[in-house]
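Both complexes shown next keep subunit A, but they swap its partner, so subunit B is in the first and subunit C is in the second.
After this line comes the complex of A and B, so read on.
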């Protein structure tokens, strides 16, 4: 009997302590984060949430006077689940904004949810071009990149290398069409020729049927591979005796896949808005810290989410930590220029980020010459050329750029195909 | 006695739904959405119960009819260059009938597909039936994924908003919940009549002993075929509701997972009970929405629950949760009787 009274008293005391604690809670900003935590994209989802969390942890989950409540939801990588989770975050957790999504399809699914519910959606990864082009979204801001954003400068680089005839081989889905399409448009605008376009289906592991279609006299191949395809392609391509230089979109050889690659990837030239080997003090500190925390090379997934957190912080700072008005917050987010890990960034009139585009070449760095603490003798994406302040429209004016349809399997057509 | 029991059961079920209708508006908007979702998947699970529970045909492709109907209704609402469907839709919407047009169109598409697929699948039974329905459903998934001119491929179709119902806006969560509840009750009512009818009893007969039914002169093939189409039709109703609810359709909605989930809902709640699958839908949907908040590896828990249900069902020789509950009740009744 005595015991029971004691337990009751203790419970009451505890309840009191907890309620007193919440009563004193500071003003908080609730941020929902949607990423795949289970399923085939789980590892990428971890990279994404780790990047975002690392920024929050470094700031003790505080943005100025605001306390950050970070709510992570598992999207399982499916668009419909993304939508359900976003609605859960908005209704149940009353978030001030939500971040995340991975595939282009999730971006297309989430953006209307933001507009319908009048809650900002900040996209660090989904890259589908048209999210920020033909219809300017009101509650959506993209701090990552558009699929074709880095392809245009990569085409310039390829042309300047003296390549004139290029074969493209890209995964058969929207991200592939847009990455390859952007490359083709700029390359042919300069006077080069795409002589063949090959579309292996998403997830192809055996390129046997596709490799014989590649003409041996091509000056280079331009690839867009994703996930396991990125590992398989260079191996099988080199094993089949091809000596042609390889160019690629970001996922063909990003830092996420690089540690699993071998010598076959050496010399692979890809274009991206980030490289872990970027030689700036900011990036070195970031890569070192990321490796210390998570034992991995930082990827663009982690960097872009880290930067998204930083961007949110600075936007709230600009409006005096006012969390009551989402439109005011979005306006601040769109208007500030930030000095991020990957370089200087700002948002264009269409809601997409303008940033440096890095041309990177896969090289093996002996020992830990970069001094970043990552596993010695690793492959790195060494930056060989920087195109500053690249917008999604590259050298065209938005009006001129938007006159054409969205890049697809049919557009641009293959004028010079043999 | 049996009749009395049945009447009592109907009253209990109706009472539960009336209570749901009264309580839901007072829940927070997340819970309202969850209840609506449970009702929609409840329709899907009930429709599958006609096949799995009453006819004894385990279909692993029920997501197909759900999928074609939800795609059909999304396409009607968005494809402005398909002037014939879009024209009728806008014309009907202007007089508040757009939603009926969506249902009619979606259901016709679902009937057409289930009539065709059933024609191919009904000749098989058991695991062969399972595999044929599975592969036919994958055809639908392939269409959704690859036929991007119509289905927008893996980007999916975003629907701008819900049409009004005779001038009543359904954009509000509560009105949409009542709409879903009404549609659900209509489906439940029709399906209940179907399973109570001589036709429904024949289906049960086929499930129990197909050869005997054939000997008695029943056209077994036709009965199974009609059951397949009825199941597909109501799967289509659930599909149209899903489009209206989520305002977004994409290939994963038509995937194997959707079909398998419907199968789990029926098995978990109790096949051949109609209301059991709805309980299954409630449990699975609630778990998916809630466990994932607290546990990172939530699929493990869901998997454990599936396995436990099946093991307990085997152990006690009952079907799903409803079967378990009625067994529990009859045994306590027996116990109290013996005390008297």
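After this line comes the complex of A and C, so read on.
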């Protein structure tokens, strides 16, 4: 009995192997996608993979003559698992590239895997600055953003509003340091003063220890919150009687959590490379379609992955659908300019995307003004100012920018702290 | 190291007390279950999270964003399962009834999928689309607490009756069963309600703050303190001053003797487990409006609940009160004064207390 089972399994395995072999013979591009599908980041992972899949489905899983084989792997949100899944995708599935990752630490973990195996890694979400600044991997392109990319223009905006004394409060880890650091550097370069820097622990639930430290007379607070912290902070901040205007990094009020926010978020000004309220025909079509398919508001997680798929498509088109040479593919990816959902994009010499930075203000939109069939009176990140073609180095030259160390808890130091 | 002004100290103390109140709601249930039943309930924080989600669904049903139909269908489906099981277990052993029920389910599932395109598991385990509700009044909050408390208490009785009771005082088995339920509840919530982060709006007048002498006191924090004080008083008098409390204490001190004088210790154990779960549920709904309901909050908060019971002493009521105040203050002042050492500021005093008095401040034995 047992032997028969083994024989059956072996036969089944052989059949699989043969079918896999014939599939490889047909012209096909295999794309590995790594995102958390279980665990606490599961919903973000679904937003990511849904964005990517939506593009593939709209094109019937075809890029020109190439058939797309999309292989989704669950990372559970842990860097070590990400690496294991990437290696599995490379060795077993023989993918032509892999995409994904969520946390900055994941980006740092996956990039060496790409270089070692000579398989391109395209990063739509992990934003750690140094991946495209001081420690650039060869087989790596970032189509998302660097942590500090949107902070520099936001600082300009804040200064132009007449704010001079700002308190920062940012999650105590690399993404927080880089977002807040970029803001501080540009804000102080213009002549503003950061009078206090507060670093709540990642995953802070009760901001009780931090709120009393915020001076009530600050012109504004600049926040960088992630996940559930983004929901809890504005509520507790306003409940504690603070009236100061709020500024924030990408994740402080992005569309992933905006539907769960209330009146406390009104007037929150954040900077990001995308807003679901972007008033362009392309974006309206995207948000509408995404909402129809998945019953959710499109977030930057879905947009950036949708755009990544589009980018790959166009790169293959440029090199005549040749899947044999990864370096040729990467070169094409870096050289094209694309007109994406979020605006015009291209890759700089360091492998990071140059894109518009949108200053967005949380407002309640009465009725279905945007024509998206969404419940009236929802909160939207209305775009109030656009900084066009913002690079990761902003107004500095790359050489000048790279002379300073990467933004950290210690850099830039707090000169004006009381 | 940051210097604090007097108003900072007052504000921080108020915040510490409100945080301690929330911790007390969580830790008192944990401590009660351990003190009375000698069970370390690792699923306690998952129950806390689950209650938050139940409240969220309740708000959605009242609001009209979600239909109650899937839940009614689920009730009917499980009713059928229950009757089938009781029927089968009457003619055979429980184990055989379980296995045959499972087999019958698999066959039925395949048949219904093939013949009618109906998937039975969608009735047994429905997924519910929920949204953050923006308008909540005081009545809705109280009703949501009541709903969550009832559901969770029933669930707690179920876990005790069908799982924990089988293992008696086998600590390892208890730990495995409760951690198993922690994962089941966690993944079950993820499956049922999805992984989006939610936070409840607070009803008037809890969404504002009172300013006294230039210091603002958020009213919701005051509300948390009041809830905890009320719960503490009810618990204290319930356990120490009533006949029911005496029965409970008798069951703890000498179960055999208690059975001898005619106390049904099985029902007492079940009720105690239910009360413990109920306390977690109150914490879950109250905390849901404060820091949100989202996957992962359970395992984030569990260590704090354990810190409270270790410092206060496992199973001691006074210990739970003092322990939560100690942890609340250490967490707030430690984080404000030594932001780099905030975990250390919490754990170091705990280590010292345990070194001097291993049973905790009020622990027996």
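Brief remarks on what is shown
Basically, the second predicted complex is superposed on the first by the 392 of 418 C-alpha atoms of A that agree within 3 Å, B and C clash if a C-alpha of one lies under 4 Å from a C-alpha of the other, contacts with A are read in each partner's own complex, and residues count from 1 in each chain.
Rule of thumb we're sticking to: contacts are C-beta pairs under 8 Å (C-beta built on N, C-alpha and C of every residue); 3 or more make two chains touch, one makes a residue touch a chain.
This one's a predicted model, so the numbers in the text were calculated from it and none came from an experiment.
After superposition onto subunit A, partners subunit B and subunit C are found to sit side by side with no clash.
For subunit A, the partner that touches more of its residues is C, with subunit B and subunit C as the two candidates. Contacts of A:261 after superposition on the shared chain: subunit C is touched, whereas subunit B is not. Once chain A of one complex is fitted onto chain A of the other, the partner contacts of A:240 are limited to subunit C, with no touch recorded for subunit B. In the superposition on chain A, A:87 contacts subunit B only, with no contact to subunit C. Of the two partner chains placed by the overlay, neither subunit B nor subunit C lies in contact with A:141.
In the superposed pair of complexes, A:211 makes contact with subunit C only, with no contact to subunit B. By the document's definition of touching, neither partner reaches A:347: not subunit B, not subunit C. Draw one line from the C-alpha centre of subunit A to that of subunit B and another to that of subunit C; the angle between them is 60°, to the nearest 10.
Contacts of A:38 after superposition on the shared chain: both subunit B and subunit C are touched. Once the two complexes are overlaid on the shared chain, A:199 sits against subunit C while remaining clear of subunit B. Superposition on chain A leaves subunit B and subunit C with their closest Cα atoms 7 Å from each other. In the superposition on the C-alpha atoms of chain A, the part of subunit A touched by subunit B in one complex and by subunit C in the other spans residues 38. Those residues of subunit A that touch subunit C in the shared complex are 38-44, 46, 172, 198-199, 201, 203, 205-206, 208-213, 227-228, 230-232, 235-236, 239-241, 256-257, 259-263, 295. Looking at the complex, you find that subunit C touches subunit A at residues 2, 4, 7-8, 11-12, 15-16, 18-19, 22, 129, 131-132, 134, 187, 190, 194-199, 201-202, 207-209, 211, 216, 218-221, 287, 290-292, 294-297, 300-301, 331-336, 339, 342.
Those residues of subunit B that touch subunit A in the complex are listed here as 28-30, 33, 37, 153-156, 158, 246-250, 252-253, 289, 292-293, 296-299.
Remark: subunit A residues 37-38, 73-74, 78-81, 83-84, 87-88, 91-92, 103-105, 108-109, 112, 116, 128, 173-174 touch subunit B in the complex.
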